[in-house]
Amino acid sequence: MDGLFYIASAIALVSTFRAVTGSNAVHSLLYLTVSFLASAAVFYSLGAHYIAALEAIIYAGAIMVLFLFVVMMASYGPGRETEEKRVTRPGTWAGPAALAAILLFELVFVLTDRGLVPEEGRALGPKAVGIALFGPYLIGVELASVLLLVGLLGAYHIGRK
Amino acid sequence: MILVWAVVIPLLGGLAAWLSGRLGSAFPRWVSLSALALDLVLLLTLLDGGPAGSRWLAEIRIEWIPVIGAGIHLAADGLSLALALLTAFLGMAAVAASWSGIRERTGFFHLCLMSVIAGVMGAFLSLDLLLFYVFWELMLVPMFFMVAVWGREGRYRAALRFFIFTQAGSLLMLASILGLYFVHGTETGRYSFDYADLLGTPMGLATEFWLMLGFLAAFAVKLPAIPFHTWLPEAHSEAPTGGSVVLAGLLLKTGAYGMIRFLFPLFPDAAATIAPVVHVLAVVGIIYGAVLALGQTDLKRLIAYTSISHMGFVLLGIFAWEGLALNGALVLMVCHGASTGALFIIAGAVEERTHTLDIGRMGGFWSSAPKMGGAALFFALASLGLPGLGNFIGEFLVLLGSFRVNAAAAVFAALGLIASAVYSLWIIQKVFHGPAPPEAGIADIGGREAATLASMAAVLLWLGLFPGPFFERTGIGTAASMPTGSEIEREAVTGVAGRIGREKSGRPPGLARHGAGEGPEEMRGRQQGK
Amino acid sequence: MATVPAEYALGLAAVLFALGLTGVLVRRNMVYVLMSIEVMLNAAGMAFIAAGYRWAEPDGQVMFVFILSLAAAEVSVALAVIFRFFHRTGTLDVDKASSLKG
Amino acid sequence: MSIADFIAVLPILVLTIAAVAATVLAAFRTGHAFNAALAACGFVLALASLAPASKAAPRAVTALFSVDAYSLFFTGLLLGAALAVTLLSYGYNAGREGGLAEFYIVLIIGTLGAIVLASSVHFASFFLGLEILGVSLYVLIAYFLGPHANEASIKYLILAGVASSFLVFGMALVYTELGTMEFSRIAMRAGAGAGPLLFAGLAMITVAAGFKLAAAPFHMWAPDVYEGAPAPVGAFLASVSKGAVAVIILRYFLQTGSFAIGPFFTVFTAIAVASMFAGNILALFQKSVKRTLAYSSVAHIGYILVAFLAGGRPGTVAAGYYLAAYFVSIIGAFGAVALLSGKEKELDSITEYRGLAWQRPWLAGAFTAMLLSLAGMPLTAGFLGKLFVAGAGVGEDLWFLVIALVVNSAISVYYYLRIIIALFSPAYGEAAAPLPGLPLAGSVALGTLTLLLVFLGVYPAPLLSLLEKAAAVF
């Protein structure tokens, strides 16, 4: 299991990096899909099996397809790469990347403060998650459904024009 | 209840005037005038004297926001009453002055005018600091509208500047009020905005000093004292005549009133500490205003600068904090209200007829308008301090009183008097004599204007020739009416009380000797003691 | 159960988050910006999984489900708006969305 | 969950049912008046349901919600604001292109998100409420095909997306450190010893809240979005959206005592001062009324933060009063803009408002009152709000903040007066185009708001007593 974590992490990092820095939208989306699948593997290695499945189905599946759909509709083909080329120059990246790096260093510094040893305990399978979702978080689930409803309504209204 | 009505009547009158404006433009004037007349009569009934044993001629407390210790606490003593009477009186003069000048939106104009008057009236009568602040601000907004809507070309700039200057000062005062509220609350456990509670709040000199500065900022801007005066010439000259009358006659007085009623009694030591600085500012103001007045070509601007000079005398009188000077300051406030108000009315009348305020384009009006010329001469003489008129009494008492405290300041202030003689006579010379421009010849004042000016002249003459009754009934002299919050104040009061006794015996007040006026020494002694 | 330290998972989430943030700040194409936001949200979800892993509680996973519904709702509305923008202006450049000034 | 639990969260349930019912009914019956009336009914019913809910209070409903005097007060305030926005929207929307049914449904859902925030005591409900509100706002901002609507919506959704990510990541860090997401337990466990993870998490949550509140230096989006959004949505953004975030942040920080943590006090002080100055100074240079109001709302967040930092009972009461006063004034101000906007184009440039006072005296009077309240002039609610905030600040010896507040109030007078001067100056000859007729619902709403403004400015006792109860929760 540990091996899975490290390999999946490496894949997630590399593919996310390529996704964010790429200049071809379709390629980037594919990298991003890979990244999400790798994240699913990470979740699996951490014992969150249910989440791993959700990640694969919803993130890597549904959401990415939506992206792809829009990119295709906007005929975002090879001819348009040039306008994104300018932002892939190192000069453009330096400032923001430094900012993000500072944030990252802070977080890593904070994390290395002391070990966070996972507590040994029960497995967190779908059952445990389900019990939590429909127990104490019941209203939260209802609210999440409202959230999806408003997303639906909004996409419907705005997409209609 | 009279006090509540005194504030509410102008407000209701204003609303009624506004509504009646739909019926015809003549209605609002009559409605406002009668409301103010009613108010004046109501206030005059207070002259009979208040309940025995109380230092207030009338007092009323109504619950307002008990949670934070703010109430509607109105009270009048001689000082408040004198100024409240002036307010109603000058309000009527302002209505009369805008009788024919304001032709558009008369209803709304009178609503604004009456709201300003209600605000001023409330400020003179409130004894709750929060309520005082509310009234203090209440006069601001309608005054802003009066300048911005009915003013002359530069009105927006003038209105904005007036509002922002005064508002900045007021906010500092609000911060100080809150500071005082909490200092008092933590000290005594009783949180209150009431003047009576807050008097004599124990606090360190540093705290007292900072809190005092907040009040001083608001009052000095309103007065105005140098260097916070820059809003005044613009606002006065851009405002419509009625607005100028209210502004010069009443709004400036609220600053002086605030100093007498709140600043000194609440922060006696701090006020004594800063007094020498203020003396200098006052003297600079007196001379600066007079000198700049000489250089003006705009009639209203000129009068505005003379106001700065006169208010310098008031400031000097107050910060001398000495019986004679204080009473001088009060007389001067009332007289300045009447004389400057009258000069603005005359300026307005000239403007109405010639459509200009440029002195260079005036001259020789005496031949065509002798009555107006005579009136102008009278008020100009009053303004320069001709003996026999009220302003003289005021200035003389201020100089006499402040001489004991700060001789140098008094001497320099007296120099200002010379300048004021020059500019006053210069106005008359330029406008009413001198070479007449080609289109010379203006209509003389009509009956309405004559009546207004005559009543104002009567006030000046009365105060100049028989000030006794005034001091007896009103003024800072009625010892019983003074708050006893500070030793200094009591010192000043006993001084005046002694003088008043002699005055009743028929001697001119200016020549009366001061009884026990060692107030300032006492102040210094206290300071050194700390 | 796995023996991966929780901070490793959290560290991974932090790196992904930083990558996403860089993307938002640098990219001018709206699709990329939106993708980067998805990366950030996913990273935050991963942090919750790591936290839940640390405490052996399902709450982290529950939060992930909520984050997932947000991601879905947000992306659907956002893509609709972006699509409409593209139709009107013919571009996906964020900098072109700058008629509002002041 | 027991029956009592359901009764306690009745407002939330009522709004959920209203949203679902409106969605379903939209399939059968369309018609602008019907949709708007449905939404208004939903809000009125939710307001009415506060009565039974308050009988059940105080009560913790699952770990996610706490229904207490605090949450009930702010739920009522938010619902009232939403009702006012609905009435103002009705006139504004009438005759516009595109289906209008979704507008009101999304408005209901957005308000639902806001009231979830008002009673939430858990990260999960905090997050969900915020996001329901956020996604609703994306939709509302982009609802009409205005010239700037898309752009405004894109700006908002990018920044809000980043903010959400920060929020969730910060929550995850706090959860990693403390193992709980309930505010009350966070308070307990954080007291035992705050680790660096907790700091990092709180910092990220603060950044996210700063974005949502449009506090400086996270305010850059506000003017563009307010200008691009339809005027009633601007009112909703400035009041309900901002207010709900302020309410939960206040609760979070009061309950977890995070203000007391040294650096956070400094950080919030800096944010407060920066917001006041940035908002007021930038507002001085605006030519658009909506942008001016946007910057003014940035400044108002700065004022509210002064009350937060004062903390304790006086601080909570002051923040509540200020929020209520600010709600009334800002909804009224945007409402006046909404009522004056025609079908084609919003009345936005300050010069377009010239002479309005003579054409539309009542409306201009109401608008003036709102602006004076925002400026903090006495006899309006804004004055007492500012007074209580300054009082809370002075009471805690936060002199630096109080002086900043005073200085900024003086600066702010200028730009409010500029609009007022425009209203009362003579109109440009013939340029004054005929104004659209005033819609009844909106006029009633604006009139009520004006009366409320004066009432709150003159007689604060009833509201104060409610707030005292609300503040007693902590």
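Just so it is clear, A, B, C and D label the chains in written order, and each chain counts residues from 1 on its own.
Please note the rule applied: contacts are C-beta pairs under 8 Å (C-beta built on N, C-alpha and C of every residue); 3 or more make two chains touch, one makes a residue touch a chain.
Quick caveat, the model's predicted, so the values are computed rather than measured.
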Chain A-chain C separation of Cα centroids, rounded to whole Å: 6
Centroid distance [mean C-alpha coordinates] between chain D and chain B, Å: 43
Length of the line joining the C-alpha centres of chain C and chain D, rounded to whole Å: 26
Computed distance of Cα centres, chain D from chain A, in Å: 31
Multi-chain contact residues (two or more partners), chain D: 124, 128, 131, 135, 138-139, 142, 145, 173, 176
Contacts with 2+ other chains: residues of chain C: 6, 10, 17, 20-21, 34, 45, 50, 52, 54-55, 57, 59-60, 62, 66, 70, 73-74, 77, 81-82, 84
Graph class of chain-chain contacts, one of line, ring, star, complete, other: other
Contacting chain pairs - touch in the sense defined above: A-C, A-D, B-D, C-D
Contact footprint of chain A on chain D as seen in their complex: 1, 9, 12, 16, 19-20, 23, 61-65, 98-99, 102, 105-106, 109-110, 112, 116, 124-125, 128-129, 131-132, 135-136, 138-139, 142-143, 145, 173, 176, 195-197, 199-200
Chain A-touching residues of chain C, taken from the complex the two chains share: 1-12, 14-23, 25-29, 31-32, 34-36, 38-39, 42, 45-46, 49-50, 52-62, 64-66, 68-77, 79-84, 86, 92-93
Interface residues, chain C side, partner chain D - complex: 6, 10, 13, 17, 20-21, 24, 30, 33-34, 37, 40-41, 43-45, 47-48, 50-52, 54-55, 57, 59-60, 62-63, 66-67, 70, 73-74, 77-78, 81-82, 84-85, 88, 94, 97-100, 102
Chain D contact footprint on chain B (complex, rising order): 65-68, 105, 130, 133-134, 137-138, 140-141, 144-145, 148-149, 156, 159-160, 163-164, 167-168, 171-172, 174-175, 178-179, 181-182
Contact footprint of chain C on chain D as seen in their complex: 123-124, 127-128, 131, 134-135, 138-139, 142, 145, 147-148, 150-155, 157-158, 161-162, 164-165, 168-169, 171-173, 175-176, 179, 181, 223-224, 227-228, 285-288, 291
